[in-house]
Amino acid sequence: GYAKLDSHREIRSGFPEVVYCSGKPDEFLASIYQKLYDENGEVFGTRASEHQYEIVKQVLPQVVYDPISHILKIEKEDKEHIGKIAICSAGTADIPVAEEAAQTAEFFGANVDRIYDVGVSGVHRLLAQLDTVQEANCVVAVAGMEGALASVVGGLVSNPVIAVPTSVGYGASMHGLSALLTMINSCANGIAVVNIDNGYGAGYMATQINRLAVK
Amino acid sequence: GYAKLDSHREIRSGFPEVVYCSGKPDEFLASIYQKLYDENGEVFGTRASEHQYEIVKQVLPQVVYDPISHILKIEKEDKEHIGKIAICSAGTADIPVAEEAAQTAEFFGANVDRIYDVGVSGVHRLLAQLDTVQEANCVVAVAGMEGALASVVGGLVSNPVIAVPTSVGYGASMHGLSALLTMINSCANGIAVVNIDNGYGAGYMATQINRLAVK
Amino acid sequence: GYAKLDSHREIRSGFPEVVYCSGKPDEFLASIYQKLYDENGEVFGTRASEHQYEIVKQVLPQVVYDPISHILKIEKEDKEHIGKIAICSAGTADIPVAEEAAQTAEFFGANVDRIYDVGVSGVHRLLAQLDTVQEANCVVAVAGMEGALASVVGGLVSNPVIAVPTSVGYGASMHGLSALLTMINSCANGIAVVNIDNGYGAGYMATQINRLAVK
Amino acid sequence: GYAKLDSHREIRSGFPEVVYCSGKPDEFLASIYQKLYDENGEVFGTRASEHQYEIVKQVLPQVVYDPISHILKIEKEDKEHIGKIAICSAGTADIPVAEEAAQTAEFFGANVDRIYDVGVSGVHRLLAQLDTVQEANCVVAVAGMEGALASVVGGLVSNPVIAVPTSVGYGASMHGLSALLTMINSCANGIAVVNIDNGYGAGYMATQINRLAVK
Amino acid sequence: GYAKLDSHREIRSGFPEVVYCSGKPDEFLASIYQKLYDENGEVFGTRASEHQYEIVKQVLPQVVYDPISHILKIEKEDKEHIGKIAICSAGTADIPVAEEAAQTAEFFGANVDRIYDVGVSGVHRLLAQLDTVQEANCVVAVAGMEGALASVVGGLVSNPVIAVPTSVGYGASMHGLSALLTMINSCANGIAVVNIDNGYGAGYMATQINRLAVK
Amino acid sequence: GYAKLDSHREIRSGFPEVVYCSGKPDEFLASIYQKLYDENGEVFGTRASEHQYEIVKQVLPQVVYDPISHILKIEKEDKEHIGKIAICSAGTADIPVAEEAAQTAEFFGANVDRIYDVGVSGVHRLLAQLDTVQEANCVVAVAGMEGALASVVGGLVSNPVIAVPTSVGYGASMHGLSALLTMINSCANGIAVVNIDNGYGAGYMATQINRLAVK
Amino acid sequence: GYAKLDSHREIRSGFPEVVYCSGKPDEFLASIYQKLYDENGEVFGTRASEHQYEIVKQVLPQVVYDPISHILKIEKEDKEHIGKIAICSAGTADIPVAEEAAQTAEFFGANVDRIYDVGVSGVHRLLAQLDTVQEANCVVAVAGMEGALASVVGGLVSNPVIAVPTSVGYGASMHGLSALLTMINSCANGIAVVNIDNGYGAGYMATQINRLAVK
Amino acid sequence: GYAKLDSHREIRSGFPEVVYCSGKPDEFLASIYQKLYDENGEVFGTRASEHQYEIVKQVLPQVVYDPISHILKIEKEDKEHIGKIAICSAGTADIPVAEEAAQTAEFFGANVDRIYDVGVSGVHRLLAQLDTVQEANCVVAVAGMEGALASVVGGLVSNPVIAVPTSVGYGASMHGLSALLTMINSCANGIAVVNIDNGYGAGYMATQINRLAVK
């Protein structure tokens, strides 16, 4: 009984408690899901494994698992979605992180446009979808390897860009540190950066901005 | 005649071109200031030296220099300011970066509340101004050394926090890299990070968010 | 027969030899436990695996294993405990290291107060237990990710704080290096730092300080 | 008027406010010294330059400057000193940091034994003064280059050791990072580390421990 | 008389010896310039200071100095130029390095097209000059800060791209290391990287490729 | 259906799409191979596992797998090869990367000479094959550990050298970062560097240069 | 048949070819052992696994495997040993590397004294064996964690010391980089450093020095 | 009077005390030189500035200063020199460090052969002097930038090689760290490394080895 669930969080921040599944012991995880579901009628967790899905399903059979984003959730039906967030990603391998961002924002009530596979080595692919990107209240740019996507996007839009470096790559990518440095040093205006692979954090902050824009 | 001024920027992004003064040759700087002033009736530059102030004053005597933020500007009178941005900073030595953020946001038309000297080693100082921080559409958290301010602020507010690590510190602060890492790894939700000492970038993005909130 | 056991250590330092179990070959581990138990009537080891517990149990059936802290020990009954050490930790995932510190200090004869799950993203949780923290002769602050807890604690207490960075986190946490840098650069007074995940080292030094305070 | 002096600090922590002189503007520094002297009848600052000494001397002629430790202070006469702290240092070039630690502890009311020039490349020099080191309530170990002194001292004493890496060295010493890593990884028990060149921080924490021991 | 001039280099490699001026003592520099001019009727040096220009001018009055690229040279008239190399650069501050590359390639007999100020934060600027870039036998991409230009260029052309990171930037740019990492991790095909600020090396290799293409 | 195959790539760049197999899900991989084979009558992939070979063989039984280079391909018969590329490698353990480069270049239509096991600790081995190396239009130098081969080769040839650091080594080789730094800092002219273990990228750029030379 | 065995090495250097087993494919390893044994009547390999022992035993049943040092060898009987090398090591976990050094030197014909478990946290253990250390022609100092042993040894002996950092440790030991930095920065004279865990390299160089001393 | 001169050093180690001049205060330096000269009839210091030469000349007019190696010394006449050490260096800019090594070894009584300007980008230069290098009892290899010289030399000689990385280079040379990593990872046998720019340390250890060889 060491950890305390922060149930007042929703009141303070307007966001419900989200479960970071990775590394949580089985019984502990099941009881958190149960408790949050009981309180809120829905529950959302990230970084869940196939195995953790099986565990939680035993207590909450309606739980849904997405093996790409590793999100494990029960979501209320007919949730209203507002505004518009655009999620851009560079390569196929970045999609899990992009989906973590997208589904986080959707769970928190935002409309999301997915613009995937628009890495800068073929810049025409991004330009082909320029309107969609420019119309969003906030853009999330997800990229590994050299992470250049954030700068190109930043130069094309007038709303804020949240950059998410991913650990995709090898060698000197150093598990995402190179992409992180690229994004932090961006010469474009209106870009801020979250941790490597932190799709959740980007989806969260994009939701905050989107809410302010709609309000 | 190598560099091209991006005069259409204001149309594309809603922000005028800003001069990054550091390292610009004297004649070049003077002519940029002249040109931008002629086009816009105002001009704003960061990282200017005392010497650069003298140079620009020769062509534009009304130019104003702030030796703390190193901002060199001519600003239109009676500019309207909207919304509210809170700028928090940790120690005395972080004030130059905080002021770069604050004056950038003000030049771009935002109202700014300054909450300085509220470093986490005396957390009562921040708590004493909690209302001001919580009411802002966006908070900028400026800190060097261990950069812990961003996390504490992030946990207290429901709007987005832009974290600015500074190069303040010595030894293992590694010219701001430690504070940058602290902020990128923050356990609080709703925080994204800009480059070390990049008060301008934080002020810019805070303005974008503030505009969306007011709109 | 390569390694020599430092049996005079207790006389020199007032602390018994402790076993660092990680990586020790099975037979070697069993014989060390046997030997230390024979000499002292108790024995204490850190970083033990489930498997090592099975091995030692075969020669010393009364040995006790804690799967959270990975401590494997036989402890004398009715040990007297003196003074007071407070162990604060930030997140659930930091508890194993916090427990390593806590149980080390208890084995060495200190009273310990556990103040867990008081990470800085919800600073009210720490403030709610301020009295306990301030009354301790020494505080151990355990945190991963950005490691900001040490600075906040340091600013609230007048006795020494031993900061323990943990490898909890991902991406730019770099397996605890970010938290280590945060803590080393702390702007609060009265903080010193031990190695990443070194709960044992913190518990040891806290005991030294607590003994001096009680003496 | 941006910075607020933390005058209640002495009440909260039992330590007076100390001035970190480096980088403070002239007028600002003079007025802080004046104000703290008026409140406390003494004032203590670190990292002061020769030039800052001249500035402060103009308003407080009795101020004393030590060009080795760069400490600038006015100290009450007949201050009582308690307990015993040992300050060990490795090479000649480490003495400024060792003195910052020593004079900080003395200003805060501790007795200090200086054991300088006892680097590990001639371990007989340290062993010759073993009694003095072992009798102290707390030992501060100051070393640059490879920073091995902390481990050797830690193995010889039963009271806590505070290790201070210094920026002394060249090449791969990386301005003190190597010594910091050495000390953090120490195989000896009872060692914790402060920032590179942070003699002040070590003197502060040694004073805390010494007070607990005497109380 | 320690250093030996490598006068047979031109025969072996088809390139004359080039002087790396930085750090060379005055007399030594003057005599190298004299000797190479006597042998070849021309001489080319990089990283020369204003002061070194004055020194060499005393022995070779016809020497020409470019304060932007820091190139100090005497060049034969009516040199024939072949093929085509495109040199792209991101920001104004990258021009010195771009010019080092451009003038090196021109001295070695290549035609050079300069496409400056086409950083990725305004990708339309590069696209506007796409034909010029695509027609070159080899493209040199020069960029500091996040260095994303190389990837965008790499995706647009079918000939090889030599990427030159520059030390332009601040904070986490780490004097060009961030841009270097970006370029090494590029997701585009046909990119290889030289050292930070090594315009000379890029101009040299571009010349090799251009010669092969024309031959 | 997230990722879009870049089928027009061959038209734009003269190179067909290549599959980066590592991490691709089984069904996805099989369908990419099928699709590219249908379009081009051949297909080439790198970083394939034994398991992926089995998967693809089920849909394309004629696919060929090389367990050394990890290349998985179907290649048109009687492909014409032009020009000459030399691939030098330092140690036995570097051969997989060297073969990735060699087979990539061959697939793209180049003649390749392999000069393996010519590490600089026995420089006579390289000198024995000097003619072969000097005759190539482009040399690829593959080396791990200290990566010195690139500099020695660079000094011996007049055509461009593409250096490939490998992750071969241990300890301070830091998974290839040391070799990468060695190569980037090379004192020889005409060397540019690709990512650690990126044989594919080197083979690609060598092909570009070889084509220009033959054209 | 890619790799060429360097059979003339013994003639050039006075040392036979040694097999670095790690990562070698099974058949390849067996044939190297066979070939070297046929040529020299003995064969020596490092970093061998249990599995590789089984493989080689099938072709050379007399091969001997030491699971501590991971050395796999057939050694001529009645080999003469000359001079004296001392191998000091810090902790139990450093013994595998120390043994790699010791057995390498013995295979190459040196007498070796082992002085294990003399880490600097109990400096009396090293001093107790001072005579043995001082009499050797060369000392190898093996240590992980903070690696301070090399400096203490270096200060006690007048012959050369070869320092071997090991990957023993956790957290900020960074797999041996901390110990490497400690040793490279040593304040003692007469110390040079080899790669992390490179017992072989230290044994080799110690043999070279020992031979010179005996000659 | 803080520092103690280690006058018994010559008796213990066979080497006199050497003065590390860099950073020593003027009066202190003069008195050390005086004292050591009085005791030994000669005195040797490294890293001396022009200014320090002037200071010492006032008390010891016969002192000699070499502005290339920055060595400041008075040397006994008719000193006997024994054995042979070869000092190889890569580029012109490495000569100061090579000379620090050479003159240190000569002061300590060794014969020295200088083989300068033999960097690996022109390997024929080193091969032309192979005999000299192979005859030495010990070789010192001095190189900056990529530091590849050590590996090439190591492969050509059978006696030990001491590698000295220098801070020569720019960009990714990181003030010598790249060269240090190159040398530590050398694939050649019989190489050990000292700190960046530590010519003194290399000359010292080469002398130890040379003495053993002559004895």
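General remarks:
Should a chain be cited, it is by its letter among A, B, C, D, E, F, G and H, assigned in written order, with residues numbered from 1 in that chain.
Everything that follows uses one rule, which is that a residue touches a chain if its C-beta (ideal position, glycine included) is under 8 Å from a C-beta of that chain, and two chains touch if they have at least 3 such contacts.
Everything numeric in this text was worked out from a predicted model, so none of it was measured.
Shared contact partners of subunit D and subunit E are B, H.
Computed centre separation for the pair subunit A/subunit F is 35 angstrom, with centres defined by C-alpha atoms. Inter-chain spacing, taken between the CA centroids of subunit F and subunit H, is 42 Å. Chain centres here are Cα means. That of subunit B falls 50 Å from that of subunit H.
Rounded to a whole number, the gap between the C-alpha centres of subunit A and subunit H is 57 angstrom. Chain contacts: subunit E has residues 122, 171-174, 177, 180, 184-185, 189, 195 touching two or more partner chains. Across the assembly, chains come into contact as A-B, A-C, A-E, A-F, B-C, B-D, B-E, C-D, C-G, D-G, D-H, E-F, E-H, F-G, F-H, G-H. Those residues of subunit A that touch subunit C in the complex are listed here as 2-4, 6, 23-24, 165, 167, 175-177, 180, 195-198. Across the complex, subunit G meets subunit C through its residues 92-93, 95, 116-117, 122, 125, 170-174. Within the complex formed with subunit F, the residues of subunit E that make contact are 12-15, 137, 158-160, 162-163, 180, 184-185, 189-195, 201-202, 204-205, 208-209, 212-213, 215. Subunit H meets subunit F in the complex at residues 90-91, 119-123, 127, 145-148, 151-152, 154-156, 169, 171-174, 177-179, 181-189.
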